[in-house]
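Before anything else, here's the structure in question.
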Amino acid sequence: MNAPTGLTEIVTAGNVFFLLWGAVLIFSMHAGFAFLEAGSVRKKNIVNALTKIPTDWAMSTVVYFVIGFPLAYGIAFFGSATGLLEANSYDLAHFFFLLCFAAVIPAIISGGIAERMKFAPQIIGGAVLVATAYPFFEGLVWGRFNVLGADDGWLADAFGAGFHDYAGSVVVHAMGGWLALPAIILLGPRIGRYLNGDSRPIPIHSVPFLALGSWLLMVGWFGFNVASAATLPAISGLVAANSLLAMGGGLLAAMVISRNDSVFIYNGALAGLVAVCAGSDIMHPISSFIVGAVAGVIFVKGFLWANEKLRIDDVLGVWPLHGICGAWGGIAAGIFGLSSLGGLGGVALLSQLTGTAICIAIALAVSTATYGILKLTIGLRLSPQEEMLGSDLTIHSGKAYPEELI
Amino acid sequence: MNAPTGLTEIVTAGNVFFLLWGAVLIFSMHAGFAFLEAGSVRKKNIVNALTKIPTDWAMSTVVYFVIGFPLAYGIAFFGSATGLLEANSYDLAHFFFLLCFAAVIPAIISGGIAERMKFAPQIIGGAVLVATAYPFFEGLVWGRFNVLGADDGWLADAFGAGFHDYAGSVVVHAMGGWLALPAIILLGPRIGRYLNGDSRPIPIHSVPFLALGSWLLMVGWFGFNVASAATLPAISGLVAANSLLAMGGGLLAAMVISRNDSVFIYNGALAGLVAVCAGSDIMHPISSFIVGAVAGVIFVKGFLWANEKLRIDDVLGVWPLHGICGAWGGIAAGIFGLSSLGGLGGVALLSQLTGTAICIAIALAVSTATYGILKLTIGLRLSPQEEMLGSDLTIHSGKAYPEELI
Amino acid sequence: MNAPTGLTEIVTAGNVFFLLWGAVLIFSMHAGFAFLEAGSVRKKNIVNALTKIPTDWAMSTVVYFVIGFPLAYGIAFFGSATGLLEANSYDLAHFFFLLCFAAVIPAIISGGIAERMKFAPQIIGGAVLVATAYPFFEGLVWGRFNVLGADDGWLADAFGAGFHDYAGSVVVHAMGGWLALPAIILLGPRIGRYLNGDSRPIPIHSVPFLALGSWLLMVGWFGFNVASAATLPAISGLVAANSLLAMGGGLLAAMVISRNDSVFIYNGALAGLVAVCAGSDIMHPISSFIVGAVAGVIFVKGFLWANEKLRIDDVLGVWPLHGICGAWGGIAAGIFGLSSLGGLGGVALLSQLTGTAICIAIALAVSTATYGILKLTIGLRLSPQEEMLGSDLTIHSGKAYPEELI
Amino acid sequence: MNLASSNMTLIKCVFKGERLHDVMQAMEDIGVYGMTVWEVKGHGRQKGHIEHYRGLKVKVNLLPKVIMEIVAPNEDVDHIVEEIVNSARTGNIGDGKIFLLPVMDAYRIRTSDRGIEAI
Amino acid sequence: MNLASSNMTLIKCVFKGERLHDVMQAMEDIGVYGMTVWEVKGHGRQKGHIEHYRGLKVKVNLLPKVIMEIVAPNEDVDHIVEEIVNSARTGNIGDGKIFLLPVMDAYRIRTSDRGIEAI
Amino acid sequence: MNLASSNMTLIKCVFKGERLHDVMQAMEDIGVYGMTVWEVKGHGRQKGHIEHYRGLKVKVNLLPKVIMEIVAPNEDVDHIVEEIVNSARTGNIGDGKIFLLPVMDAYRIRTSDRGIEAI
């Protein structure tokens, strides 16, 4: 503490500080996921919503520590604590930061399969994906497998530039959204959602909780995107401004086409943020506004299409929000990142398309296998009686507002 | 990322990090504005409260990017992204930071005109002010117009020291509060607020939401004040301690004179924070406690005077809170900042009075013009039927607690 | 602002920035305490819960500024503001940071004595403890009294290593929990809690508010632990990772032994965090997971034992949570910190046991004296009529949901 | 049991919550103090409306109303009904109804008073 | 007061909230529009359950139900009751009850209509 | 319709929520299981109070109570009323009331049982 500090020491310490600042912000996004879901389900499923998210987080901590992070980056933390101290334990800070991304996977899925899934398959499924599909693709793009993301990887060789995903539109969001889709389909819609051929929307519990969750996500997102620089000297005000403009674009576009629907307004802001992650370091803020606005429209239309036409009962709309808007973000980076469109260049649209397609393929395959096996073995779904009574009483033996007994 | 980092690089990166840390905190204050208002209105206007704030934010992002920031500082962000990279894009980070201040303007107004305004004039009015009155005065004090704030400006020549407003008691809060006043008056009181000569207080929805909003504001305020240093080497623990003491003073004073009224206790803390902004870099912590305590008293008395005697239906009390306490803060900096009173000096009371008066004059003029024209053209107010039904159903076709259908 | 910045300047500024980042996070934990309690009491005591925490905070600000901090560290802030500027006012930033710890004391107590205490003794009691017992023990461990914590202190001489408490498992949490115990006992259980020999649990108001409070605590805790480095160059990713693993361990253990009880799941995470503070800088992450898991079990069992067997009506379980798990954390640092168990060494179990025992002894003595005198003089408890009506109406003349008049 | 002996009536009124303050004032003005009130949802001639959530339409047929129940001696009923009608009326559809039900007996829990004295 | 003159009946039904949509649909199908609804808790043969909070057990004997009140002319009552029974039934314990109470008079607040015309 | 034939009574009681647990216990003790309960606000002799919000005074005249409705055979009514009075009483003003209303018929939705068997 009192040793004279050299330039290297302060840079190293600054890197750790910067990463932990970002990690704490992203951790707070998980509170956002919890409240977004708590507001979007019925009163009888709120406790479950609020419990799933931190439980998934804790499970993710364990499996990403033991399996996921070592798999993606080839760095493990066994042996004595003395061996973990180098550079202010930068690697552990980095682990924390990337765990915050990994744990987004079960949090995304949770919103799609809400109100009807058993607790065990929910927890096990999430943990399996955080140990397998996610870190594998992460390793392909950001990690030790020199395939998709690396400057000298396969895609870079093929199309002139590697797959570019600065803050995870594809690695995190598209992956999460497309992992959720098979789970939602295998689970089937909630009782009463589609009845006698009719679509019967199930009213949500609380707009204020949904708004609180959205705010936590919007605020924390700046940690998500900005700290993706990974080291302090690489920090970029451009990334922050792009996130800002995309959020605004998504919100305003969703507002206009939904005629002031409050839920869409909040979701539109999130859609813009999902889409901007990939290219936030290389696009111009005005391009980001456009990318966000398109995402806002995609979400509104996509949600209605999925839930009304396809009759996929995706409670929070996680597939359109993270899956489709995330894929759009991956592609958009290959368009608006081009220097001809005012971007910084160094991207190839074909690489973006290929990388995004590979992500979707992996997600669909691994998710179908995981939830398929769970369905055949322990089963995915609460019994109809349990579902009617609500997951709060069934799984947690307690209600959201216990005082309301009389 | 791996280039050797020199001292300049780390200072530059540190500046951007510091500003973004502050910006994220202030952004989270906007969630605070949303919940403060959601808790302070009736159930039928909660969705509108929760929607106005992020929508105003998104509109502010656009107009401050295109008009406001260029106007105040002479820096614009058009052209290619390559031109935006200097010093880790410090200018864009600074834009984000100052946008957080600018967007406080419509958030303040929103609380005063709650429960009865149409959506279009609300959005347009806020956007106009963020593009005009706010950045103009901002430019006079902090920006490129060498008039009020500069060391070699008009006021400094006249009275020995420029107008001093470290973190915006006047530039942000007084401006916002006095911009709100004409809007509130032009709009008129809510139906039933003053009936047959009686004052009939309209009970608020939820103290917990109001408290949540207040906490978000109190916490974020430390970003507001501390990061007003603008660069990392200028950071000051004194600013933080002064904010702390003023917040405590405001809270305790409001508690004592309101006899434990919980809403006043929270608002008292905010009043202290509003008042301390201007002089937080030059006052002694004990002076700040006093400044805050006076602000707490001003708010309690001012709120009752405005709402009961003047019969101005200022729902959240934004004029006393931001307008009057902000003006008090500007003046207080000219008193307690004096070195004879333990402060760091470099302020002139006459400059403070003049600067504050100019702010109020600009605010009243531009707001009266803006909302006056809106009133004459598209109209400001919901119809009585719409107001009775509530702005949630009228504007957003949805209620705060949709599940409560039966 | 424009002077060339040297290495020392940037390190100094970085230290202040780092501490203020942590302080703001811990300040936000106080919002967490407020909502944790608001969710855990009945509707008629929510306003009081939400008001006590910020009021205690304001009182703590004053007494810790005037008495506590000078007592523990020998640094006072009287005289002119000019004298406070050294090193970017690091001392004031440090004061803010440590105030955040000190103010945890009344926040802990508040949760134990909820729903039945008068306002004056609540405020006075908390202020007395923040001025006496807390800073005295703080000074023994971290401050100017070279007795328990110092490398050349009494304990270090006796057992080979001083008392090690990196982030306050004992100094803050055990102290708070054991200070609460006599207050709770002197106050007695709430009316109807134990009736005719039966234990009649009193249903809580809202799991969502309880969850919100827990999230705020969990997120802010990373400021608590990480910024305990006190200076930026001493920052440690290991501390963050240990906090993470302990939180996960506490949550999962509590989940398993409580069979998915949502309140225990959240509390288990907090129990893990309480326990990891002391040794978070010297344990291996896997040890931290174990320490956290044990704390999760201790809390679940301890809460039931205290509330059901001992019939201590500790509303939020603050004695088991902070008192017992905090003591466990102090002891655990002396076990898992040993290099033979993969830790960094430099701890002595006997020092840990002794230091923890001294903390408990001081806490019990000072609390019994303080609340004993208050009981004999102004009295601790609301009248039965007031308690039935609720502290919101009795103390604050207002309810949590005022609109619910009909 | 002889129902014809009923000398008290339960006045059950359903009206709009926004009128509650005035109805209570009207009751106070004519010296009626005892009443019990709660929030309900009603369906009648008044049309419901469509709400939108994330673009999904929900038809809302139940509108918020308030029930007020007053038990009164038979001879006061007409006057009370008249005052409620006057103070609850807005003239718009959905103003609500008043129903009269026979009450056979009443007790005051605190004193065990019975019959008319109890109310 | 001549109770025998009552020509209207208050149909008070307690049933499970999940059936509300169908009961309302059934009423619409037979042309019954006026009704008032609210949420209640009920106790009957249906067993309650144990809830846990922080490990403390709470016996919950009151289960959520809905009350629907319909005032109808006596001649329509049988038909309405039949339709409610059909649409509210799940066949499980706890399905609820219907009680019929005499109504002596009714008023429409908006128009001061009285008697059968008022409902 | 012959009202004199009513052999069931609706016991409608308004009392303080804090007594609910004991009243339910008392009912269980005498073998009364069927009941429906909800929260209401009441006005009576018991004085309301003044609340303050941001310094503005609001007179609150409605105090929280609970309604319990029990439909019982006429012969059990006296006993039930007695037990409710005993278990709900605190002796303070605002303890509440019990009203008895005639019930003409009852149905059990699950089984279509009718009359006394239905309750």
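Descriptive notes on the structure:
A, B, C, D, E and F are the chain letters, set down in written order, and residue numbers restart from 1 in every chain.
Definition applied: contacts are C-beta pairs under 8 Å (C-beta built on N, C-alpha and C of every residue); 3 or more make two chains touch, one makes a residue touch a chain.
What you see is a predicted model, and the numbers here were worked out from it, not measured in a lab.
Think of each touching pair as a link: the shortest run of links from subunit B to subunit F has 1 of them. Superposition of subunit A on subunit B using C-alpha atoms only gives a rotation of 120 degrees, nearest 5. Of the two chain pairs examined here, C-E and A-E, the one linked by more C-beta pairs in contact is C-E. With centres defined as mean CA coordinates, subunit D is found 52 Å away from subunit A. Each chain gets a centre from the mean of its Cα atoms; for subunit C and subunit F, those two points are 46 Å apart. Spacing of subunit D relative to subunit F, judged by their CA centroids, is 17 angstrom.
Looking at subunit D, one finds that residues 3-4, 6, 37-39, 41, 52-53, 58, 62, 101-102 touch two or more other chains. Each of residues 7, 10, 14, 21, 203-204, 212, 259, 261, 263, 396-399, 402, 405-406 in subunit A touches at least two other chains. Remark: subunit E residues 3-4, 6-7, 9, 13-15, 38-45, 61-62, 65, 67, 74, 81, 84-85, 88-102 touch subunit F in the complex. Interface of subunit B with subunit D (complex): residues 388, 393, 396-399, 402, 405-406. If you check the complex, the residues on subunit A that touch subunit B are 7, 10-11, 14, 18, 21, 25, 42-43, 203-208, 211-212, 215-216, 218-219, 222-223, 226, 229-241, 244-245, 247-249, 251-252, 255, 259-263, 265-266, 269, 282-287, 289, 339, 342-344.
Of all the residues in subunit F, the ones that touch subunit C in their complex are 18, 21, 41, 49-53, 58, 60, 62. Put simply, subunit B touches subunit A in their complex at residues 1, 3, 5-7, 9-10, 13-14, 16-17, 19-21, 23-24, 27-28, 30-31, 34-35, 38, 46-47, 50-51, 54-55, 57-59, 61-62, 65, 77-82, 84-85, 88-96, 99, 119, 209, 212, 395-403, 405.
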